[in-house]
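Structures given as structure tokens follow.
Below, subunit A partners subunit B and then partners subunit C, in two separate complexes.
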Partner chain A sequence: MDADISTSFLAKLADVFEVDATTLQSGLSLAERWDSVAVLATMALIDEQFALTVAPDELTRCTSVTEVLALVDQRVGLRSPGR
Partner chain B sequence: MTAARSLALAGPDAPVRCLGIDLESIERFNLVMKPGGRAFFDRVYTSGERASTSGNPLLLALYYTAKEAVAKALGTGLDLSGAAAVSGRDIEIRWTPGEERPAVALWRGAAARAEQMHLSDVVVCWEHTPRVACAIAVGTDCPVLLASLVAALREALAALPLSGSAKCASDDTLVGL
Partner chain C sequence: MGERLTAAIAAIATHLPVGELTNEDLARELSDWTPEKIFDKTGIRSRRVSAEGECASDLGVAAAQRLFESGVCAPSAVDFLIFCTQTPDYFLPATACTMQTRLGLRTSCGAVDINQGCSGFVYGLALAKSLVEAGTASCVLLVTADTYTKFLHPRDRSVRAIFGDGAAATLVVRSHANEELIGPFVLGTDGRGACQLIVPVGGLRRQPSPETAVAREAEGGNWRSEQNLFMNGPEIFNFTLSTVPLAVEQLLSKSNGGPHGVDYFVFHQANRFMLERLRNKLKIAPEKFCIDLEDCGNTVSSTIPLALERARRGGRITSGHRVMLVGFGVGYSWAAGMIRVSF
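Coming up: the complex of A and B.
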């Protein structure tokens, strides 16, 4: 994932979880933070920034921001030409 | 909800075809005013809703709980992936200050789902405290039942463990928005 895009995405994702970006990246557990607003807001962000559609249960399985980024990377990789 | 009310809803001749309920923290909707909430705002609310809520967290929360309650009554819940076929903008909430309750318009996936359920109308009642917004959606137009549901909703909200001056709001509070 491009570093600028990643930084912008993480800043917005931090808004969703009502923390700052540093806290989000410091291993904050998302397990108990997936309310319906967080799920829809994250789905909308991923769609906006990466033109990707992810399912609610794919997100709620993510327990950290690292796993969210891995999910996005995996999905971006899957749609790349030649894969 | 009291046992008597539960029985009235669940009996064999009960007029409720389907029911959904949702409750959200109003403060959560401050998100919409931040960069991270913009995509959520654009994808969950219709253009009419975006205009009529004017970024007000209470209205955003009430409209959202109404949408989620309707989506639950339709048996799907809200989704943006297309998997459940009911997205936020498929359920449009219309409310003018002074009206007792909002009107609901169903589009695309939500309209198809309602037709599949042979549901001609979904009615929404909403309430709020200073911190929490709550909505109930029912597939009925029985006024007695609706009054009972509103009473139950107020009872439930009043019982929430809120501190300070928090208490169940009256319709006048909504009228005054």
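Coming up: the complex of A and C.
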């Protein structure tokens, strides 16, 4: 993932969880933080930044921000070139 | 060749129940949310709630009476009533039949109920236009009304923060215009989404029993029974983001014009979050995009006519403007249509 995109994505994701970006990246557990508002806001953010649709249960399985980024990277990688 | 029949919207009148549920009320009941947080997440400060025993038909009759009081037409001129609701008075008869009598419409008036939710107003317009332009009717009263709040469990904040009750009455008449004033339309259905926004029990497929009345804790600490409304918000959100932009694109190409030919966009007022996301994705300027649900919430089939009527009254749209309407949700069902403002 491009470093600028990653930074802006992480900052916005931190807003979703109402923490700062450093806390988010220091291994904060997301397991208990996925309420419906957080799921919706993260889906919207991923759609906005990467034009990707992720399923709600794919997100709620992610227990850390590293796993969210891995999910996005994997889905970006699956896209055919030129799309 | 006979004279071309062109359907046009002649008037819209609305009615909201008196009861109110504010963010302060919700915050008192559901202590971990503040009123401001609820507003930030939904764009809604207050919803209107029907009283016990106050049905969708009562709200619809009040809206229609307001329309008649404006003098736009007499009840006796109406020759077709379409009542769109998902909260009817009875299984049978059709609620529209009881409203025909209550409104003093003539007995030679056609009357049907249609069951659609958030797409219902645009569906109703497509049907009303077809009735008028085929010569089947000349003055169609389209009433939308819903009382979803009666389906909500008191401890299900995921839906109580969103839905409100309300009604609108829209008059569709024959005009002498030389151009299409209602339409074209893009309609769509995907029943695979039926289980994502549903009241599972209460119809004949699954009848109520003591067991189905028991509320259980569900996701996020929300409570509901199978007789209550269930909405899978994230799935509905994904459906909307994947379906609505495509429907908008199809309608633009069908109506021979790009987005610049559209003066104003009135989408189903689901919640501000969803609307902002759609607006962003479709790159529509904020001043051309309606967000108007702060004081009434999501009134299902009536959000579009409520917003249209207010936009007209507030001068955001004026006679001759081309407006795109898009309804989407429960079903899944969606409908997009163009109108030229003629009311």
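Note that the second predicted complex is superposed on the first by the 80 of 83 C-alpha atoms of A that agree within 3 Å, B and C clash if a C-alpha of one lies under 4 Å from a C-alpha of the other, contacts with A are read in each partner's own complex, and residues count from 1 in each chain.
Operating definition for what follows: a residue touches a chain if its C-beta (ideal position, glycine included) is under 8 Å from a C-beta of that chain, and two chains touch if they have at least 3 such contacts.
This is a predicted model, so every value here is computed, not measured.
In the three-chain model built by superposing on subunit A, subunit B clashes with subunit C. Legend: residue contacts after superposition of the two complexes on their common chain; A:Glu48 is shown touching both subunit B and subunit C.
Of the two partner chains, both subunit B and subunit C are touched by A:Pro56.
Residue contacts after overlaying the shared chain place A:Ala11 against subunit B, while subunit C stays out of touching range. With both structures placed on the common chain, the touch criterion links A:Val37 to subunit B and to subunit C. Contacts of A:Leu69 after superposition: neither subunit B nor subunit C is touched.
Once chain A of one complex is fitted onto chain A of the other, the partner contacts of A:Ala21 are absent, as it touches neither subunit B nor subunit C. Only one of the stretches 79-87, 97-105, 133-141 or 313-321 belonging to subunit C has C-alpha atoms clashing with subunit B in the superposition, and it is 79-87. Counting contacts by the rule stated earlier, residues 35-37, 40-41, 43-44, 47-48, 53, 55-56 of subunit A appear in both its interface with subunit B and its interface with subunit C. On subunit A, the positions that touch subunit B within their shared complex are 11-16, 18, 35-37, 40-41, 43-45, 47-48, 53-56. Residues 35-37, 39-41, 43-44, 47-48, 53, 55-56 of subunit A touch subunit C in their complex.
Listed in rising order, the residues of subunit C touching subunit A in the complex are 41, 158, 219-220, 232-235, 237-238, 241-242, 273, 277, 280-281. Across the complex, subunit A is touched by residues 22, 24, 28-29, 31, 34-40, 42-44, 64, 68, 77-83, 88 of subunit B.
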